[in-house]
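Two complexes are shown next, each including subunit A; its partner changes from subunit B in the first to subunit C in the second.
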Partner chain A sequence: MEIGHHPGIPYHEAPSDLPPDHRLSPGEWVRQNLFNNWYNSLISVVMGLGLAFALVQTLDWALTSDFLIIRRNLALFMVGQFPRDELWRVWASLYLLVGASGFGSGVLFRSEQADAEEKGLPVETHSWSEMLRRFWAIVAISIFFVSFARTLLPYLGLVVGFGLFVVGRELGRRLSPALRTRGLFLSGLAGLASLLVLAGTGGLGALAVGGLLGVWTLSEVRNYAEQHGVGSGQPVPVSRRVWRWHIRYPFKRRVGARLASWVAGVVVGVIAWFVLRTVDLSGFGWDDWGGLHLTLFVTVVGISAGFPVGVLLALGRQSKLQVVKGICVVFIEFSRGVPLISLLLFSSFMLPLLFPITFGIPGPLTRAMIVVTAFSAAYIAEIVRGGLQAVPRGQIEAAQAGGMSVARIQRLIVLPQALRAVIPALVGQFISLLKDTSLLSIIGLLEFLQTSDVANAQTEFLGQGLVAVTYPFVALGYWAFAYTMSKESRRVEERLGVGVR
Partner chain B sequence: MGRIYLEGKPYMNKNSKLLRLLAVIFTIVLVAAACGDDDGDEETEPAETTPTETAAPAEDDTAEDEGGRLAAVIARGSLNCGVNQTLPGFGNVDANGNNVGFDIDFCRVVAAAVLGNADAVNYTPLDAAQRFPTLQSGEIDLLVRNTTWTASRDGNEQANFMFTTFFDGQGFMVHGDSEINSISDMSGASICVLQGTTTLLNLNSVFGDMGIGFTPVEFQSNDELQPAFTSGQCEVWTTDASGLAAFSSTLDIPTRVLGDIISKEPLGPVVPDGDTEWAQVVNWATMATVQAEEYGITSSNIGSFDDTDNSNIRRFLGLPIEGEIAEVGLGLPADFASNIISQVGNYGEIYERHLAPLGLERGVNALWTDGGLMYVPPFR
Partner chain C sequence: MSDTVVNADATEILGKGDTIISLRGVDKFFGDFQALSNINMSVGEQEVVVVIGPSGSGKSTLIRCINRLERHDRGSIVVDGVELSDDIRAIQGIRRETGMVFQSFNLFPHLSVMDNITLAPRNVRNMPKAEAEATAMELLERVKIPDQVRKYPGQLSGGQQQRVAIARSLAMKPKVMLFDEPTSALDPEMIKEVLDTMKDLATEGMTMICVTHEMGFAREVADRVVFMADGEIVEVGPPEHFFTNPTEERTKLFLSQIL
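Then we have the complex of A and B:
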């Protein structure tokens, strides 16, 4: 049967059953959209001239400006006052971080693929061009920044960095999905190590690594116990009746496994902590950090520390326990009710008074990170609370009726839906946090935006109007990261089907 | 089963609340124990903690009672100095990330005097609003951040102002070919000035007192004022002398900064109130740079003074006089001045290094022997 042929009407005049082809040639498109009547033509001409003028001006600026201030201060823009003869630490840490995130993303990708296969969903194929499309802004901005370098080394560094990401991802992608958790753990540890290379292994760093290794050991031992029947013979029934062991469950065996895993975890953690403390790579803490590096670091800390705290606060605010609820409400409303500037001033003037004397007063950056975390946690809490309220009450009641514990209801039923619903708002908060870090300069931290002022105060570049060069440079840096964040959030939304399901 | 459930429910609720309470108490105890642990750590292993880390502030605290800040700085091995990072010439960061500037060099001077190493300084960048609270909190030993010495600051801010290293003040700038050479030539001149500043108030009161008529041309910001001055809209530009010098070096027309100063802005190092020993150390270290310039000792020629016969210079540099080294008794090593000069330089060198490139003339900051205000007590 021939589609679209009506008898009696010449074929070429017959109305087609297919939708008409709306593709226009460029000339037609311009005529139909820009010059279809006299006033649209006028507007088009005026706007066209304006655009052309702006473009010429921008090109003129880009070609005639003297970028010496950026070439000479590139390191200042990137890492602030970090000691120049220790820059290898920055590179080493960058490599570790890039390799680890490549590996982690590869592992995640593989496990998601396996998950999709299992459920019979369409399987995403791996493609590097897709990766490039997702992260082109950051890749482009890195190349752009490095193009100002005066030596060959940063170029090499960039190439090695990209190479490590590729290698890491390919390795991660080849890891068996069964090893997913271990792979992610490994990548997390490497990420932490990247911090230790910079900040040294004393104090907090050693504690964090020790803690992570401890937790790892704990879970490994427990898994082993479960698989080999050292603990309970049957699968562990999970409910609050676990606490009421005296009724019917084989307490001794399970508790034995629990005890063993805890002991092993603590022992490994303490040993790791002690070894790292003793070795001590003699890093720099983070009070010397600055530039783009500082800005990104504070943002990442603000997000990754603020998010769990924020979720807990949101849950706490819904608690029926008045004390918990009260504390959460006071904390959220206090942090949200004052500008970030006043919180930063609080960190500078009042926080030192709140630390016990034997503890020692932490440096300005540590204090700033504490309040930035509190600030972002409060905002995240309110965003998440909105999501929590969107989860139908009936689901929670059904889960309760099914005998699920409070923690499991939240973890398996409420939070996944609540968080999915608020991804756009959350990412919006993350992006504004990235930009809010520019306020750190008021407490004397040399963040990315401030490096521009500092460079312009150098005798050599003083008063020549070079902010016109440095501000766009800095703005591009902020833009690349903010844009990538928002792009990624849209991707996550699409994949989770926000607004569709 | 159903019966058990019904009976069990109230009991279980009570139990779970109890459990939650227990959990909360347990958490609090854990936190307390963690804090307690840290206390114990500090007390039982003082030998292990390095002075750069947590031990430093703790030492500061004991320092108040025992050895004072000088002892604390020596024990720590570094000087905590509060500085500016965005003031051209005075406090700035160079492309290599080093703090540089006139004020920065006085941090280095004190470090060279006390520790024998001008590089042993931890710089704390401070905002104008932060500087006094930070000084009071004891986080910094010394504040060198273009801070004007005034009575109310000395009185209310618990700040102790040291020797003035730079006499700033409201100055005047004219075009290079201008016939104006001093304030008395400015009769009827148009003067560019920022709106609503103390600069304008000073201008009105001083010129009014002297009976000189002038036309103020007011602007909102220096960015608007600069082209007006360049294009000849006004003959004179007035603001702080150091600022004028900084601007004059960047203009593409020849300019002159006049020697006349009509307000007093003495800038110098500041230490916290209440530690005389430390204040004296900072003061004499700072003044040593001026004395060195007076003696003509520079970082390059200091070696040639090793066998000088001048007993004053020998004493100043900590060289033995008749086989004996005289102690100054300030808590400083005898050769502190020699460390300062060889590592940082004398006052004139510091000035030349940072302020001369901005086009700032010595003016009132010249030595007293050259008719300036740089006069220090004798080092004997």
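Then we have the complex of A and C:
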């Protein structure tokens, strides 16, 4: 199987030699697919009976159960013990996040369109019904959850949320493709700002915002330098020689531009972080987070922090530098070799003892995020390593023969092909991570699954076997997100042409 | 080595300019197996050298040593005045000046034809995008497939892929081109289009070392033919002498088998 054939062209658009299929009538379909021979007919009948039985049982359960426990505890399921008079923070941060992701997805969509136009490939038209097909499970589950609300406010909130996504995406895809990078940085910044609304400016949120601002500055300076010919190897017009030593040491120009961009990035990042910390808008310490909100947050952190760390670990494991390699191997094998529970317990009971007291002991959620990141990074590293090994030796040789440096070969040739080949396994790992977060209850965090037990421990509902109501409710929540992830991964695979000849 | 044959010396350049590649006493081992033994060879500017020989004779290893895709174990290799050593920067410098075309094309499947060609010039030579793309279009005209520029390697025929690979190497404006059996993986009807491209290149005065089984090409284009067997250079000569009047028994045997 060759990797990366016909990238960008979904294979269902490939011309087909087959005759156009005439549509079967329902009767014909049933006869051809369910009752075409005696053993298939037998299987169809048995399975049909089983299915009917399950359906009746489910209907019976749905109609006879009392869903009061969910109606009373909807906030508990969604946000755990988050103080009820601070709930506006959750809504506000949700709005920021939804608007930002709508905007970001719109920008990406537009720039993909522009790429396709430039390369002369078929250009995809925008369609909201296509979006609905992609994300129907999340839309449906949101409506389902809100339908248990006892006031009108959550309904209103849901409508505003969907509205913001639509507005964000429509704005994003109207942005000029030339502003793509800035658009994405902006949406990332708005997304991280949602953390500040929730947790205030004191914690990791401020660090993340500062970091992103720094990276943005770095990229702007580098673009500026490139557009004005600095670092391109071309002669720089005298009027553009910003730094004096460009004249004296013209061969250092490229290095100069790189250095300047790094310095500017770090300075801006640190200043932003410092300012945010000093302003110290009090927020809400995130150790009171809970419910579905906590579960999704830890999953997102585990994926977005674990992925880059995992890729670095995979590259490090292949390194010829024995110390680097050794550290990576030990880290990977240790994290993979012990159960997640034991890592969580270790973080909870041992880490506070080992941590230098001057830094203060990080709270349980911070510790959990560190553990989850480390754990998923180790698994991701091994998946990525498989992908790295699947890249043919000839690819590296061709790049070497062109005089490219080791770092560039990895970044431009090896990693794009390796990651493309392992998308299915990576998404499998992400889905596992979503479900593994249910273990956070071990260290006292009130994650989504645990909310069910808490609700059932309330005196009003105690000992009535109502887990039969709450567990399916929670399970549906996990399912909607896992299903959407796997659906999206198939879409990405198809677009990148994994396994398509 | 039990073999007593003294290696032929391929250091005499026939007719053309100054020496650009020079190998002296080069040995190469893969484990216990000696792939090259005591290779002495020079190549002049604008010279076309064709290396032939049975499979396993070390032809590919020889040209892969010249741009350090393989590390030689003894002797010295000097390319464009720079001796190959473990100095990675010097090697990258040499690789910039030597294009290489592989048997299996090795195009980057995740990049379009245009991106395949402009990648190295933009990243290694820091060429601005517009200039790199203009150069790429020129080269695609030269290899006669400008209309394929937006496609991906997987959408091209073998012959087209190999011509893109040649254009990709030429984009770095190399002083030397190395061809490692460029037509061996191609269907017969596509061999000609690639050989024609290589002939054009030779006519334009490119310095070339070609490992190939295409005797017609060797006869027509080569300034010198080098015959290798068992990791040694057995016989060297201009094609007219080489194909009509070889002196060594092993050369005669090889030619009688393939002609």
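FYI, the second predicted complex is superposed on the first by the 410 of 501 C-alpha atoms of A that agree within 3 Å, B and C clash if a C-alpha of one lies under 4 Å from a C-alpha of the other, contacts with A are read in each partner's own complex, and residues count from 1 in each chain.
By our rule, a residue touches a chain if its C-beta (ideal position, glycine included) is under 8 Å from a C-beta of that chain, and two chains touch if they have at least 3 such contacts.
Given the structure is predicted, the values throughout are model-derived calculations rather than measurements.
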| item | value |
| --- | --- |
| Partner chain(s) touched by A:K119 [first = subunit B, second = subunit C, both, neither] | second |
| Subunit A residues touched - subunit C or subunit B, whichever exceeds | B |
| First, second, both or neither for A:L321, with subunit B first and subunit C second | first |
| Touching partner for A:I413 - first (subunit B), second (subunit C), both, neither | second |
| Subunit B versus subunit C as contact partner of A:A398, first or second or both or neither | second |
| First, second, both or neither for A:V454, with subunit B first and subunit C second | first |
| Subunit B versus subunit C as contact partner of A:G337, first or second or both or neither | neither |
| First, second, both or neither for A:L446, with subunit B first and subunit C second | first |
| Shared subunit A contacts, counted only where both subunit B and subunit C touch the same residue | none |
| Sites on subunit B touched by subunit A in the complex | 12, 16, 19-20, 35, 38-39, 42-43, 53-58, 61, 85-89, 92-99, 124-127, 129-130, 133-134, 137, 139, 226, 246-247, 249-251, 354, 357-358 |
| Parts of subunit C lying in touch with subunit A, wherever the complex brings them together | 67, 69, 92-93, 95-96, 98-100, 102, 104, 106-110, 112, 119-120, 123-128, 150, 152, 154-155, 165, 168-169, 172 |
| Subunit A to subunit C touching residues, read off their complex | 2-8, 119-121, 231-234, 254, 392, 394-395, 397-405, 408, 412-413, 416-417, 420, 501 |
| Residue ranges of subunit A in contact with subunit B within the complex | 72-73, 75-76, 79-84, 202-203, 240, 243, 290, 321, 345, 348-349, 352-353, 356-361, 364, 442-446, 450, 453-455, 457-459, 462-464 |
